[in-house]
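The block underneath contains the structure these notes are about, expressed in structure tokens.
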């Protein structure tokens, strides 16, 4: 008699710890975004790869999808050069580069290490890209650049998925990423589950 | 007394009229591709926009998705300079640029006008991009460049859609393109329906 | 009795006012660079055009020419967001982006306006690009992006020009920029001459 | 007893063998271009590197310099796929891509090998780029892509060089390319000298 094989429950993220928001009239919460697909872009303002690839891609995503379907959220996750990447520096950076999506300043650990949410989410560096489905399940947990086609395909699939209160949720969204997707099990596995 | 509003049935394409295939061991048919999402890229080998944008994008799509989910098909739809874009010229072009997806040579009309399938499909020029869902419904009918994110989102949604023998097909796939999609009603409306 | 028409003497720059140097074992002076062609790139670390175009071009120039012929010098000319573009912020920026050429921190005016050398050189904004010939004459005084071909042509011509102690200097190097050059009379005219 | 070291005379090109010209009211000759710097761009219309890099660069050069100083000349040097890169095919290609500089069709050898001028000039493939100074000396003989800055520097230097009837010609123009230049001695040495 064999035990049934049960797929692992999709990872859920705990709430971020953000003291200051830019481009947002009021603080955002993961709970408040439930029902939308969420692209969470973790960056540092002095990270060349973020400036050249990650942030412009986040801005393109914001423009390509309806705000009712998808939310783009930036997260300033500082883990180096803390003294020169504070809130005022970030504010000038956002102003000059004209990023339009909401950006949360991840709370520092106060010890010069990675910021708090960065550590809790198991992010390996910047740029990192997390994608949550409408139920809040982590569907992508990626460090480094990611191709527009691949990211677009994932977002398109998730946007078409069931709304959070539908009964058939589990089936479609529990599906693992297809071959060729960039989510490493190791990376996703490091994410603390919400409970 | 009002008539009920019935959404128009999704357009189906008639079979292409292709006498010669490159990069294919045997002729492809739309019917034979049923069950897969299909990206049909119509181009001319001397069309600058095709060489710079359309064909490289088709190649990127081929690499980004599993061949079991999606088929990329090129269609050489000549409507000008017929004498110098014949099969042998195309063969040299494909060899030098190393395109790997199957390419069909659309049959000429013999009168110097647009090739036969190009006319039947209502293509306005090159590059044109058509996307069919697993049931063969036209979900995109686009002339000109299209963004990787937008195209990726559509392909990702359709790949996740139901297989052709599922009963719930009509619902998900009959949905019109969302706001912001590039399929112009005029363009799609020009597509002859199958039977 | 008519006065003879004498062409205006080529503009000479006064020394910059730089308190801190990065990527340089000791302070650089214009006088000390005499004999080489000099590309002076004025930028701000939070200026998107500088990060995307100006600084990478300065780095390409550094690599394309022999250090015995040409010196690339960066000048951090802050005129806004002073509080977050101090020396330590610049140091982190230079470290992360791996700029290799010497960069001088232009002295602030202490009043929140353009830095001192920026004002004295009549720079209109960032990125600005000044090119000096081997004698120190200003041959280009340009605000905004400039094409690699055009910049390369000017540098190649000046590098081939006479060394500073040759007697025939004036002739070749006093020549105005050819048609199509980007130095605006207004901009150049604002440059104070060196006694 | 030592022999004096005499630098090798700069290579001169024999006239090209071109039966048909596009974008030119009448045939061009090297002799007729004497006095201008000449950028000779050898390409094939089905060569991806030519279409992506070489031809656009030639067009940029044409726009960046005064026609009285520099002539850009294309040379269609076919060495493969002869049947599909004839004059009519080239004409359609030039029309569609809107190349504006004169293009000569290098005479074929009639045996399916490299075209005649290509062989006489010792070109290794396409794209190839030759630069002649105002006296007609070969100053660059390069196969493959070449950086805009490096090419611009060479052109700027040569344009500033003496006109063909000046007595001081030899000195400036006989100078070898500086360190970092792309002309390989082997490549240049393969060029047949005139006379």
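Note that the chains are named A, B, C and D in the order they appear, and that numbering of residues resets to 1 at the start of each chain.
Note that a residue touches a chain if its C-beta (ideal position, glycine included) is under 8 Å from a C-beta of that chain, and two chains touch if they have at least 3 such contacts.
Only a predicted model underlies this, so the values are computations on that prediction, with no experimental measurement involved.
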Hey, what chains does subunit B share as contacts with subunit C?
-> A, D
Interface residue identity across copies subunit A, subunit B - same or different by half | same
Label of the chain whose CA centroid is most distant from the centroid of subunit B = C
For subunit A and subunit B, what's the span in angstrom between their mean Cα positions?
-> 33
Quick one: report the Å distance separating subunit B from subunit D, using the average Cα coordinate of each chain.
-> 42
Give, as an integer number of Å, the spacing between the C-alpha centres of subunit D and subunit A.
-> 53
Multi-partner residues of subunit B (each touching 2 or more other chains) | none
Chain pairs in touch?
-> A-B, A-C, B-D, C-D
Subunit B contact footprint on subunit D (complex, rising order) | 46-48, 51, 80-81, 83-86, 88-89, 92-93, 96-97
Residues of subunit A that touch subunit B when the two form their complex | 60-61, 64-66, 69, 147-157, 159-161, 172, 175, 178-180
